[in-house]
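Before anything else, here is the set of structures, which you'll find just below.
Heads up, the next two complexes both have chain A, just with different partners, chain B and then chain C.
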Partner chain A sequence: MKYGYILRRIAILVATLYTVITITFILVRLSPYDPYAYFLSQEASMGIASPSQLAALAEYYYNLIPNQPIYIQYFQYLISVMEGNFGHSLIYPQMTVANIIATRLPWTLYIVITSTVISFFIGTYAGQRLGYKRGGKVDGSIVTFFTVLHSIPIYGMGLILLFFISLKAGLLPSAGAYSANVAPGPNLPFIISVIRHSILPISTFIFGSVGGWTLGMRANTISVLGEDYVNAAELRGIPTSRIASRYVGRNAILPQFTSLVISIGFAFGGAVFVEQIFTYPGIGQMLVTSVGDGDYPVIMGITIIIIAAVLISVLVADLTYQFLDPRVRK
Partner chain B sequence: MNLLLSVEGVRVNYRTERGEITAVRNVSFYVDKGDILGIVGESGSGKSTLAYSVLNYIKPPGKIISGSVKLEGVGDLLKLGKEDVRKVLWKEIAIVPQATQNSMNPTMDVKDHFIDTMAAHGQNDKQKILETANRLLEEVKLDPQIVLSAYPHQLSGGMKQRVLIALSLVFEPKLLILDEPTSALDVVNQRLIMDLLKALHQKMGISIIFITHDIQLIKGFANKVLILYAGKAMELGDVNEVWNTPLNPYTIALLKSIPTLHGDVNSVSGIPGSMPDPYAEITGCPFASRCKFAKPVCFEKDPDFLEYKPGHFSACHFSKDIGDNYG
Partner chain C sequence: MNSQDKGVEKKSGQKSQNPSSFTVFWRNKYARIGLIITVGFFVMGFIGPLVYPAPKIDLTEIFAPPSLAHPLGTDYLGRDTLGDIIYGTGYILEVTFIAALIGTGIGVAIGIASGYFRGAVGSLLMAITDIVLTIPGMILILVVASVVRSGNPLIVAGVLSVTAWAGFARAIRSQILSLRSSIFVEEARLLNLSSFHIIFKELMPNVMSYTAINFIFSVQGALFASVGLYFLGVLPFSAYNWGVMLSEATSFGGFLAPSLAVYLISPIAVITLFTVGLIYLSFGIDEVFNPRTRRR
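Right after this comes the complex of A and B.
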């Protein structure tokens, strides 16, 4: 692989990220809600009267001076983001945005990665089996089932699971990442509690995506089964199981792999819905809360993280694809 | 004694939406040890279907209705179960398929193709496999150092063809079937492949079935020829005998259609008409409607495939007269 190619790809990533930060900054500032005015009036009502004191406070917390023109604020924001400083939360001024993300991100990573990996394996396996049984009765009904499953939006799926499994049947908790009565740490009750709380969000993600994986793999398998090299392998007397794995599966999974890496990035966006429905303390739920509060340092920070996740996953998919497919090796 | 393969009365049907069609009609032929049999026919005459039925490898909607394919030392291939056929494939009979440009797994290098193929038949010694691969690739005039680690997309069409020929020889099968091995190649590569096959045939004594629509390729290469028309065997015999004293009007017409380098272009004539509609039921001889010797009996009765001279078979009601008068 040429380093020039990698550098070019990283340059594109940085340029995209910069554009996204700019657009997000403008969009957030266009919102009619003025959290600074709210903050200033709060502080004023608490007895800090002097405007210069207020301005100093604002600068300390937010890295910017509210009275300055917006383009100055924009450049100041860009510089501080490059320094890794996303500012403080407006609602919880004692916390930095980086702190908030650091406590929230692991929960999101946990459910997003777990669900994507499980869904990918189930879908790929089922898809290949269905591809082999194409045209049969089993194939028809299962394809219909997965198509329906695939058509249900992720928030609809989340609400269905929440209503039936949690509210009606009471089988699993409906909110939070773990119970209040367990001590966080590497102990069994805590781990069990975490798993119990994550089953519904993870299932929601799985149900929302497994149909796509299955249908995709089924289509790829059918297409590869029609390839001459599969017939040629059969004619060489290569056993069926070996053909299914090394000839059919190996080639049918190539497009799936690219989708897999990219989908991990996009699942961060889906996390906004799912975490909100299950009040799960990840960055998605934090984003919704922050939008409600007009806490835009946090909105900006989380948006940048989500976009960066998508961009990095696309980059990883591009750079790793060549290890799987010799045809694109340079 | 010398008989290697004897195919009798093989019939293959394809079930389609418009009805059943017959791709191969009760074809019989045989291959002796050391033979190169050329199978000639127009596109759609059932050449490939016949070749794959010899391997008992007809996929639905196709079906082998009847017949037997007896291979020396194995028995009737059409009576074997799937797993037994798998064991015979490549060890006893190998085929280089028509679509060689796509016959290799794009995510496997050449070396892995050799390893996979030999492992499938119980040879797991990597060292031995590589020795075999090296030797055979050199045999087909390829550089093993470069080719073994190459992926299919890095090889040219002619190279892929030669890799597949090398791959077909790993177990030195008794019979090698080549399905239009030169059709996708330019004349230079065609020549290269033909010379290569000839050398391999002499060196290894392997028997070959060579399928082509190019009747001229047969003349200098094969010692026997089988002529197919609309799925029916029209004539089978020694190449020179068939060329000089054909017994079948279709063969005569076919030979007349070959332009020669020096001859008068006007003496070349095509065969008027076209092959019969596969969906139409044929009662008589399938060639009757295009045959200038046709008599009423030809439209009523399908001629049997009979031996008129030793080793020279033909399916025509008038083969005897033609044999007496041709020339």
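Right after this comes the complex of A and C.
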């Protein structure tokens, strides 16, 4: 592998993370809306806290000490974020933001990763089959079908599934990650409950993204089928199934991995809507709740963590791609 | 040599030798459907409110099923759903088209600048682009919107464009890099034409089709995101807004009302229809500008 390339990717990751941390600082501290100053004036107007208590409160919640020069505040903020200290929630003062994130993030990762993997495989398989049947009668209507499917916003898809499958038909639970009457732990009722609760959120993601995977793989397959080496393989009498897997599939799937990198970011963005619709206790739902409550320490912490998660997944996907394509590997 | 001359290619067996751009566009089934849908939304947004009565609160008709008086039924305050959709169209068109203008404008400017002026400026612009490109847009938009909290179309459009320009800037840059070394640009340089001339007269026309298609996809992205922000309740609630409709469908006991299906599906259906229209329109533009993809 090319080490220069990996180093460049890691440098971009660090620079991006730094940018995001700085943006959150600017939004809280330097924008004309300044939620931090609002917080201080609120606390001061209650008249209970003395200036030293006020400073302690500000540091407890925001990791920012008032009355310091702005660049000192900025460095304090950077250092505490790097230590994994995001302050405390304004709504649940006894909880650290890091704690809230730690209990919420696994649910989001479970939903996002499961659905992305399933959608990728279904779409890639269907796309290759469609690519082989290009130009036929079915082909046109299937492309139209996937275009329409692709045009439904993810929250629209989620609301439709929630309304018809869960509330009208009563087939699957409409909220939460597991039922109240099962004990969390490695036991069968709990696992079944978790799976039942996650079917609709995961399906929403799959319906929202499978069209893109299918249409992409179809286009890749069609373009690879026009290559000389495929014709040459056919002329040499290599069995069709072997051509489909070894010659066409392997080459057509490569651009899909590039799309995988982009789709990870989209999936986390979609998680905000899906978790909100199904009241799923993930990090996206917490973000929406905090935005509604004006709980800025939580908003900033979650933003940084989500973006870090996306950046790391993108890096992993990117390096995997480097490993998969021998032309890039050399 | 005029770079636009390349756009016209003669094909044997056609009645007219040089079909006008619009003829080529209209001949394409997808383009026709796309244009009709998109124009339809503009008619609905700007002429609709002049001919259709404004939805009024009527507590005797809460969650009424579809009828002649209310073709799509009513909401939790007895307001006409079709009226809500029609009166909400103008705002959506405003926000999405301004957002697409901002995003596409920044994308073109940065893409051309970093592709044409190589060296330190170009590298710096590309480094910034790479960073913005890796930030998941929806999350950043949500956070910025949560601080800004304004429903002003210009501000909302600005928020939506925070990251939208980056992918486009990168694509434009790679096109500019390949155009830079093409013969007509070399010739323009030999003729000692100014950078201004080369950028606006030689390079810009060649990235126009791509820009138009990106503009359409930016409108679509802004549509999903703006309605989504209102649905989540991040932006202040306002009358006549598709996202607020979706949000209200899930609250105020809406989910229990028997006629909810129509009320819930109406805004989702218009968003989907608008998106299909935009995608089909992009197919049509692709054909007009790229003779190679024209159907034979």
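We adopt the following convention: the second predicted complex is superposed on the first by the 282 of 330 C-alpha atoms of A that agree within 3 Å, B and C clash if a C-alpha of one lies under 4 Å from a C-alpha of the other, contacts with A are read in each partner's own complex, and residues count from 1 in each chain.
Methods note: contacts are C-beta pairs under 8 Å (C-beta built on N, C-alpha and C of every residue); 3 or more make two chains touch, one makes a residue touch a chain.
Predicted model, so just to flag it, every value in this text is computed and none were measured.
In the model built by aligning both structures on chain A, chain B fits alongside chain C without clashing.
If you count the residues of chain A touched by chain B and by chain C, you find the higher number for C.
Contact with chain C, but none with chain B, is seen for A:Ile307 once the two complexes are overlaid on the shared chain.
Once the two complexes are overlaid on the shared chain, A:Gly156 sits against chain C while remaining clear of chain B. Once the two complexes are overlaid on the shared chain, A:Leu235 sits against chain B while remaining clear of chain C. On the chain A superposition, the C-alpha centres give an angle at chain A of 70° between chain B and chain C, rounded to a multiple of 10.
Of the two partner chains placed by the overlay, neither chain B nor chain C lies in contact with A:Lys137.
Once the two complexes are laid over each other on the shared chain, residue contacts for A:Glu227 go to chain B alone; chain C is not touched.
The minimum CA-CA separation between chain B and chain C in the overlaid arrangement is 8 Å, rounded to the whole angstrom. By the touch rule above, chain B contacts chain A in their complex via residues 55, 57, 86-91, 94-95, 97, 99, 102-109, 116-117, 120-121, 151, 153, 164, 167. Interface residues of chain C, counted against chain A in their complex, comprise 127, 130-131, 134-140, 142-144, 146-149, 224, 227-228, 231-234, 246, 249-250, 255, 260-261, 264-265, 267-268, 271-273, 275-276, 279-280. Within the complex formed with chain C, the chain A residues making contact are 12-13, 15-16, 19-20, 23-24, 27-28, 31, 33, 35, 147-148, 150-156, 159-160, 163-164, 167, 265-266, 268-270, 272-273, 276-277, 287-288, 291-292, 294, 299-300, 303, 306-307, 310-311, 314. On the side of chain A, the complex with chain B involves touching residues 227-229, 231-239, 242, 246-247, 250-251, 254, 324-327.
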